[in-house]
Each structure stands twice: as C-alpha cells, then as structure tokens.
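The structure's right below; bear with me while I get my questions together.
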Amino acid sequence: MGSFIAIRLVRLVATLLAVSFLTFLLVNLLPGDAINALIPIEAQQDQEYVAQVRAEWGLNDPMLVRYGKWLGDAVRGDLGESIVTSRAVSSEIAHRIPVTGELMIVTVVFSVLMAVPLGVMSAYREGSRLDQVISGGAQFALSVPGFVAGLLFIYVFAMKLGWFPATGWTRISNSISGNLMTVTLPALSLSVIEVAVYARVVRSDLVTTLKEDYILSARSKGLRDGFILFRHALRPSSLTLITVVGLNIGLLLGGTVVVEFLFALPGLGKRLLDAIFQRDFMMVQGITVFVAMVYVVVNTLVDLVYLVVDPRIRKAD
Amino acid sequence: MAGTGKAHLRPGDDVLVTVEDLVVEFPVGRGRTVKAVSGISFDIRSGETLGLVGESGCGKSTSGRAIIQLPRPTSGSVTFRGVDLADLSDEEIRQRRTHIQMIFQDPISSLNPRRTVGDIVAEPLRVWGPSDASEQEAIVDRMLDSVGVDPDTARDKRPHEFSGGQCQRISIARSLVMLTNRGNLHRSRRRSRSSSRSRGRGRGRLLICDEPVSSLDVSVQAQILNLLEDLKAGYGLTMMFIAHDLAVVKNISDRVAVMYLGKLCEVADPDTLYAEAAHPYTDLLLGSVPEPDPTVEIDEGLIEDGELPSPSNPPSGCRFRTRCERVTDLCSSEEPQMRAVGDDHFVACHHPLAAVAG
Amino acid sequence: MDTAVDPAVAARRPWIRRFVAKMPWVTRFCASWLIVIVAAAVFADLIPGLADPNYQGFLFGDGATNEGPGLSHFLGTDNNSRDILARIVYGARVSLTVALAAVFMGVVFGGFFGSLVGFVRGKTDSTVMAVVDVILAFPGLVLLLTVVTLLGRRDLVVIATVIGFLSIPPYTRVARANALSISRREFVTAARAIGTKKRTILFREVIPNVLPTLLAYAMVNAAVIILLEGALAFLGLSVEPPTSSWGTMVNASRVDLQINVWPAIWPSLALVFTVYSLNNVGDWLRRLRSVRSAAL
Amino acid sequence: MPDNVANSPLLEVDDLRTTFTIPTGDVKAVRGVSFTLDRGRTLGIVGESGSGKTVLARSIMRLNLGTNVTTTGTAAFDGNDVLTRSPSEMRQLWGSEMAMVFQDPMTSLNPLVRVQRQVTEHLCRHLNLNRSEARQAAVDLLREVRIPDPDTRLRSFPHELSGGMRQRVCIAVALACEPSLLFADEPTTALDVTVQHQILNLLSREQADREMAMVLVTHDLGVVAGRTDDTMVMYAGTVAEYAPTVSLFADMRHPYSEALMRSIPLTSFPSHTRLAAITGRPPDLIDPPTGCAFSPRCPYVQDHCVNEAPPLVEIDDPAHRLACWTPVGSPEALTAFEKNLAAGLPQAVAVDVSTTWSPTGGVDG
C-alpha cells in the first residue's frame, strides 16, 4: 500500500514535469513570436529596441535553458510575470481561484446530488417508463452545451423573469446571498451535461452490478431492496462515478472558460482567454500548467480514493 | 512427489517429443515471478496419447503451451523430432508449427468472431499453401466433413452461429488442415534431408488438446472424445491431452502423467494408474471423483479444507506434503525423485502406496 | 454510418432494411437528420434557392437586420441581415468537417497505435501510453485554446487538424484496452500456433475486432467534438469570420438577444439536435453490439 | 390442518412453467414440472445446460429477475403457494426458511464487503440479533463449515479466500438462519475435484444434521449418486425421469437418462472405451417440438413420439416416474431401435458402437 502511494506520487511528479515541459514547448515553439506580444508590430522596425527586449526577456537563450530557469522559479511558486500587466502570474491565478474553484465545486456537488438518485431510480426500474424518461432526458441533456444552456438561462431567468443577474460576480466575502445569486446560473449551465454524464454512468454501472450473483445472493438472504441497493450495489458503482468525476474535471475546466466568458465572471478561464487575446504568453503558460496540475492531482487523489474503497487493489500491492 | 528426475523417460527412435527440466515462469509485477511449471520432464511416442491431469493452477496448460513455444519456456529443453526447439529462432519455430498444433478449452474464444468458418479453417493454407483457391476450398470441405460439420451450410457462417461443440469441431478442423497439409509434408521432407540427424528420429504430428471438452455438456463431450479418437487413428496423430477430469483422461490416453503444483507426481499407463495409484495425491484425486453409481461407498471423512498452497511460495521438499497423510520429516527436507514402482509405472514419492520395483 | 450509396451497398439493401427495421422511431428520426445535415453540408453550393451565407442584404437596401422567420428568409436574418438558414447550412460544414477529421485521425492513428501497443505490449506499450497520458493530462479545451491561439492562423484546415490531432490519444486508449483483451483471446494464440506472421495477426485478427468498438466510440466522440468546436467558436477562437460556424452564430446573437431571439435559437437547435442524433444513434449501436456480444 | 403439517410435503410443485420473453420470442425454459419434496429429504436435479434446472430452482425461490419473466403453476412451500406471495412475504421466507448456494463462489460474495457483514447481515434481520450476538453466531457458523481461524476470516474480504473457502462462506451464509429448504445450484462446478468432494461432504453432513431438505442442482450424474434420496432428470424444460436415486441408477428407463449415462466416461472403464455419444443438440426452447422433446435425438423414436408428448407416469415401482412412450428395455423400444437402425437413423447408428469411422464423411453429427 505504501509503495502504491509512492509509485503514484512519482508518476504524479513525472507527469507534471512532462506537462510543464510540453506547455513550455508549445508556447515557445509554435509560430507566433512572443516578441509580437511584447512590442506592437509598428514598433518592431526599431531592431535595436527589439534586440534589447529580447535579451531582457531571455528570448535569445536556448529553449532548454529558459525552461530550466522557468521551472526553477515555478517550483518556488514563481510563474513569472504577465507581459501585459507586469503582475505576477501566480498572484493573478491565486486571485482568481476562488471564482473558478467555487463554480466547479458547486457544479460537481450539485450534479452528483442530482445524478445519483436519478441513476439509481433508473437502474432499479430498468426498462420501465421512469427509466425511459430519465435515460432519454439524460441523452438529451448530454447534447446541450454550456453556452446554449447558459444563454437560455440568461434569457429566461435574467432577462424575462429577472430572478438572477445576467452577468457579474459577487465574492462570497462581500455577500453570501449575492454570491449565491451570481453562482446559480453559471453552475446550472455547467451542470446540465455533468448531471447527464454522471446519471448515465451510475445507471449503466448499477444495471450491471444488479445482475451480479452477489446481488442475487443478497436477495436470497431476504434483505430489503433498499438495503441491497445502497449497501451492496452502489458501492462498486460509486467507484466508477468517482473515476468519471475525476476525468471529467478536464472537461469541466474547459466548460468554466466558456461559462466565465458568457457570464463575464472574473475567473481563471476568463483570464486565460484574455491572455490568449493579448498574446500574454507567460500568463497562458502559467495558467495552462496550473490547470493541468490541478487535473493531474485530482486524478491521483481519485486513485488514492480507490485504494481506500476497493480492498482488491490494496491486496494487489 | 514434486518430483524431478527422468527415470520415466524412454529411449528409442519412436519418441516424438521429449521435454526435459521444463521451467516456465510468469512475471507477477514488480520484477517478481511465479513458477507455473518448475522442472518437469516427460516424453511422447509417435502415435501415443499422453494425458496430463491435475487441478487448476498445477501448470498443466502452461506445459502444453511451452511445447508449442507460446510463450517460450524459461528454461529446459523441448526436443521435437530430434531438434531442441529452444535453440531455434522465432522464424524456425514458425516453420515448425506445421507439425505441432493446439486446440483450446474455450471453443468460442478460439475462433475469430468476425470471420467466416470457411475463412478460419482455410487460414493455415493461406500461410503455407497451396495458394490455389479451388484446391484450398476442397481441403477445407474435406476437413469440415471429417470432423462432422456440413461444409455447405457452415462455410459462410460465423462462429457465433454455432454451439460450443460445433465450434470445437471447427477448431479441430483448422488444426487438421495444418497437420495433414500435403504442402507441409513436402516441405518437411526437404528440410529433413538437409539436417540428416533428425531423420532417424520419431516422425509424426502432434496435436495438443488443452481441456478441449471441459466447457462442453457431457453428451457433446462424448462426441468430441470419440471424434478425437477417430481422427487420431485415421490420420496417425500423436496427442497430448490436458484435462482436469480423471475419467476423461483415462478414456483417451495411452499414458497418463499426474501433475501437482508445477511438478510431476506419477506416470503410468491409465489402467495401471487408476487401479493401483502409487502416489498419495493420485489416490486422493481418484477418491474424489464422484462416480455415477449410488452403490459406491463415498469417503465422507474428507471435509476439512485441503487446498493448493500458493505457487509463488511452494512447500519445500515434496510439494504435496502439506496435504499428505503419509508425510514424514524426509518429505520436507528432500525432494523425491521419479522412480519405477512397476512396469512402466513411475512415481515421485518417498512413501509410495506401492512397493518400489528394483 | 456509411451513407454513400454505391452498387455494392445497393445489392445488400435487404440487410440495411432489416437494420433500419430494428431502430426505434426516435433513432430513425435521428439517423435521418444526420443524413440530411451531412447531405446539406456537402451539397450546400448546389441547393437551389439557398442564399449566400455572407450576403449582407441591408448594405444594399435589400432586406433588414434581425428579421424573423418568413418567406424570403426561411429562418430570418441575423443582426448583419445575413440569411440564417444559409449560415446554418454552411456552419454545418465546419462542425462536420472538424468531427470527421477527429474521427478519421482518431480511428486511423489512434486505432492503429492502440491496437499495435495492445497487441505487442512491453516497452512500446508503456512508452506510447506514457505520452498519451501526458497529452490527456491537459484539459481538452484549455489545450485547444492554447494551441489554436499560438498557431495564429485559424482556418478550417488548422482547426480540423489540431482537433483531429488531439483526439488521437483517447482513441488510442480505447483501442489499446480492446486490443489487450482481444490479444488474450485464444484465436490470437491459435493464429500464432498456425504460424501466421505477427503483422498479419495484427491486421487480420486484432484490428477487425477492435474496429466495431472504436466506431461505436466514434459516434459518441463525434458528438463531443462538435460540442468542443461549438465552444471554441462561441469563444471566437474557431474558424475566422466571416465563415459561419454554429458557435460563432450563437455568440453573435447575444448582442441583440433582447430584440430578436431567433438568431440564437436556430443555430443552438441545429447544434443540440445534431449532437443528440449522434448520441442517440451511437447509444443504439452500442446497445445493439452489447446484445449481440451477449448472445455469443 | 396444524396436525398434518408435519406429514405434508415441505415443497409441492405442480405444473410449474417459466417463460422468458426476449425480442426473438418466448423462451419456454421450464415447461410444466411437478414434484414433491418431504422434510429432511434430498432431491437431485440433473440436466445439461439449457435443461431448465437452474431456472426451475430460481422460479421456486422467486429469484428470477427482470420484467420479462412469467411463472405459472403452483409451488407450495409448507402448504402455501410461494408464487402468489408479495415481495415482502418472500423476504420473510428468503434466508430464514429457504436459502440458496450459488454456482460460482467467486461472484456470489460481494467483493467490497467483509465476510463478517455478509454472514451476519441477514442474521440481524431475521433473528433480531444484536451486533455481538451476530458476530458470535458467525464465528460458530464458520467453525461449523470447517473454516480454520474464523475470527481472522470474518475480517477478510472475499478475494483473500480460496475458492473452496468462499464456497464454505456461502454455505455458512445459507445455513445461518436454519432454513428448512436449501437449494444448492451447481455448488461445486467451479471447484477442483478434491475441493468438490469436501464441499459435497460438508453439504451432506449439514443437511443430515439439521434435518434440512435439500435440492441439489447439477449437470453431473456422479454428484447426485450416493448423495440424494431422489433424482429428477430434466430435459428441455421437462421432467424426463423422476425416481429414488438408487432405483434410477439401477434401472434407467428413459432413453435420455440412459444416453446421458452411456456418454460419460467412468474411471472404472478400461482406457479407450468407446462412448455412446448423443447425436444432435437440445431443441430450441422458443419453438419446442410438439411431441417428446428428446424424440429428434432418441434412438428408440417412433412416429407417436414426434406427435404427442408423453406424460410423466408411474411405472412398475410407484415411486419411479417416467415420461416416455418407449421406455428402455420395453419390447416396443427394442423393435423401434431395430427399425431405426435398419433405416440408418443417425442416433441409432451412433449407439451401435461397432460403427467405423473414415476420414471422409464423419460420424455423429
């Protein structure tokens, strides 16, 4: 068990290194010289000035050297500074985590809370009218992207009914109720697909589990259906759900970019977009690596959760 | 038991396969390995059927696969027609596959579900010729016919349209196409001329049957067993028959080897082995077979658990000692060697149930 | 989903008819929609009476902006007085090209690499899968945003290639998992025992058995890719305007949402319904396969 | 009523039929089975795959899942029909009155739940034991099924036990509430022969000690011989022959029972004994034959057999029941066989062991 964790951690670090290097490579090798971001095209006639800026930003060093420098700083929490605003990338990220973080947590919690009962009901009554409605609904919800759902919610709940603000963000430290008002629509928009994905996972997994011999064996012991469902069947299915939630974090991170853009939220995604439009390569690089790191860490945590829940893996060690 | 030793190996020109000190290890992760087969020796004469019997996990299937070098054994030699297969390159092994074939336990899994039966049975011809389409078709039809499958209805169907028994017949047909292919005979004759040493050694073709009937219903099982006997006689095949069912093995074999935890316990002809088992493990196995006869007395005493020790950590000395009633100190300190207890009856046990000959 | 009608397919009609007969009516409807949308995208230039998607009528005193659905413009016009129907039809080209590129590159490269490493295992396997894992460690849209921006150019070829390239890893994973289990099946051992060469085994025994699963995955994956392209376009990072894309259209409609909702509704519906159709048909195919494999 | 309860049979099944509706039609898995089982007796149900033996057991237990199953007829347990009971009434019976041991001990225990909970959870429910009482009961049970070191084993997960151990745990689970009827559905098929022997011995002993009735479902004639009081041979969803085990093995009268027996190799036979294989395959249960289900494979088949299904009737010995128009050994059977052999009917030819085989034109298709 100890060595299992150790192996996971080594892999985590290796993946992070690879991811950061790849990002660095991407940002630095792809066409589109960083100098374009530093100096307006018109001003690039002045070769001397260009050379000076290049030297200042270390753009003349070999790639590996620059990566080494950047990595050395990154390990100490310094992701460099924005070319455009000259503020530290790490502090910009830190400033925006609460928004994106809250959005994601609310979405995942809400989606799981909705999806599990739906999936369980659907699987328990497999083939019934209820199952058809839930499965059909999930199949449809799976086809509604966040920006379409978001626009619909804005139109109905903000413009027509006026229940929620259409755009903007109130920090939780300023007003809890205000924060709730601003997080509801974006989180709902993200949840449409998430609920569908999770409900489908729970259903299909549970349908298989309910056909297992050990469920039949539990029934033949005279246990109640509810007990069998929640104490025997749901546990293996929840493992799959946890994995899918972990893997889906990547999709969700992409989703937050769209939703933050649509609702004009001051989150990490919006910042990334802005940085992309401004060709602020330090910022793009910093945020991309950070986001990839979150993803890798979350999925390593998922593996560790497995370790706690599934005794067979503990044995395999 | 757990015997090494080669007292039971037979000299002579009519021995087709000789396996000596065969060891097969499998990796189990983190650089550790487990020995599925730990040093066994046996031989098969041309035209003979060797039955290899034992419980699950004893390494009997692995031994069979080691003969066709899938995967290659860790150490030991497999001498086929006088040539040690372990010395050959992958390509040379591939060339020799025309003489050794295998049929598997799960008949459905051993046929590619996406190809037609005609296509599957013709596969060896595509590799080895003849390449003429009508000639191929004629061979396929003849082989399907000889295993009792109607070629006209079967040729264009896919495996899932057949029952398990039918699939097993089809997979036997595929092996037969290989073993009886005239193109091969030709080729092998040419090669044996070039290596004159192999000339005098045993000839023949080996069919390894890995639990071919254990996933079938008893009525179908009898059909397949009869078919195998017929084909063996009709085509002059040599067979190695691997199974866990003692009655089935006795029925089809000319010589039986009992395996336990990667080692051989006892080798004898079936009638002797079943009548006067010398190894306590053979005796236990035979006593456990449920006979379909209510008048046979059942040994009701056996209730306690006695199961296979882990193959990754086998007992020292004799591997059966942890379950053996006749165990002494000698059994844990020294590994028993194969020795004769009768005419062509060998046992690897310090305290056999029969007197040791000579 | 082979929609081309060549003589060989026509000869097998009864088979197709039997296939269709098994579909529930919703799935039939979805399949029809997919055929219609593919046909419309391919033959957009030949559709009689379809307006020029970039013709801004109001500049020439010919039509107004934000018209509702009507006779002259079937689905109305957008805030640049362009015909919405035409823009949706041409927008389908973008979505479908990108989806096709992703499926094609995924199935061909991902399918091949996955099958190969699943079959040979060993070092090749761990190396390829390590690379795949690293690429998959990037959240899709974020990586896409970064790559698309850094490339600077944003025409259909670039977008399709980048999205196509990024869909290789997931296909590799699916193919590998399948190839692993297929390689353990005994017909592969049997083929080796016959003396079939490894390359032949890969192409004749392994890949044909990986493909059906991969194609079922492709349906669902195509849906995801269309959503991804939509999101990219919505953020203004897909193909450069004035080329129309469903996501771009939805984004543009936001400005006048108070005045006219139609420019938001039509492309959204087209997007949602196409994705739904892919999901529905894909799910149905998967169900069909699982029933068939259960029957084995 | 109360005073004759003790004498009335524990289980009385009458014309039980179970049908599964699948897209291609109705699979008639069990087609009219009747039998009785007295308290403390053992019944062996023997049949090949698809004979309906497992479905029959599950139908009586009401454990067939899904909405596509219909069961008709009656199955009176202790005088009350179980087929008409509500799910909650069934839950009172399950575990406490009737219990089941399944085929594969690898899959019939929940891999994520410790042995202790799996053994005790229904004890708590049926017998109202508290935690420590249930734990003590579990220790006693494991000791009874001969699991060494029960305290440690209770804390184990199923994958930490060997196959035989797991089946012992399953038996402990089934025995926990002292059921009066135990179904053992192929309990040893997944196990090695030496372990099979131990498990069968264990089951026999527990059955005798507890005076519990047991239904032993198996495909292996060897398993029922010597371990059951009565044996029922099933074929294609119907009962072919039903008799006290000793008299059945002494005198197999149904051509299917006979053929089954003759197709098994025995260790007492000399090597290379030619087996009398049964030709053909069992019938399609979506559209079963109108006559005797075995008629297409029967060497004694007559026109009558194809047209009308034989009823299950008593012959000579009142306890020996048979569904056949031409019982083995009867003069009709002999003449029918001669006729079929002369006509070259494959099933008759196959029984005639003297047939030779040639490489072209195989035998027994």
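For reference, chains read A, B, C and D in written order, and residue numbers begin at 1 within each chain.
Throughout what follows, contacts are C-beta pairs under 8 Å (C-beta built on N, C-alpha and C of every residue); 3 or more make two chains touch, one makes a residue touch a chain.
In this text the structure is predicted, and so the values were computed from the model without any measurement.
Colleague: Among the chain pairs here, which one is joined by the most contacts?
Modeller: B-D
Colleague: State, to the nearest whole Å, the distance from the C-alpha centre of subunit A to the C-alpha centre of subunit D.
Modeller: 54
Colleague: Determine the centre-to-centre distance between subunit B and subunit D, using the mean Cα coordinates as centres, and give it in whole Å.
Modeller: 32
Colleague: Indicate the whole-number Å distance between the mean C-alpha point of subunit A and the mean C-alpha point of subunit C.
Modeller: Between these chains, centre-to-centre, one finds 23 Å.
Colleague: Show the residues in subunit C shared as contacts by 2 or more other chains, in ascending order.
Modeller: Counting only residues that touch two or more other chains, subunit C contributes none.
Colleague: Sort the chain contact graph into one of these: line, ring, star, complete or other.
Modeller: ring
Colleague: Tell me, which pairs of chains are in touch?
Modeller: A-C, A-D, B-C, B-D
Colleague: Please name which positions on subunit B make contact with subunit C in the complex.
Modeller: Counting only subunit B, the residues touching subunit C are 65, 68, 70, 94-95, 97-98, 100-102, 104-106, 108-115, 123-124, 127-128, 160, 171, 174, 178.
Colleague: Hey, which residues of subunit A end up touching subunit D in the complex?
Modeller: 127-128, 210-214, 216-225, 227, 231-232, 235-236, 309-312, 315
Colleague: Under the definition above, what is the set of subunit D residues touching subunit B in their complex?
Modeller: Spelled out, the residues of subunit D in touch with subunit B are 48-49, 146-148, 162-165, 168, 192-198, 200-202, 204-205, 219-223, 225-227, 245-246, 249, 259-261, 263-279, 281, 357-365.
Colleague: With touch defined as at the start, can you tell me which subunit B residues reach subunit D in the complex?
Modeller: 55-56, 142, 145-150, 163, 165, 217-223, 225-227, 229-231, 233-235, 244-248, 250-254, 269-271, 274, 284-296, 298-308
Colleague: Residue numbers of subunit A touching subunit C in their complex, please.
Modeller: Those residues of subunit A that touch subunit C are 15, 18-19, 22-23, 26-27, 30-32, 136, 139-140, 142-148, 151-152, 154-155, 159, 249-251, 253-255, 257-258, 261-262, 272-273, 276-277, 279, 284, 287-288, 291-292, 295-296, 299.
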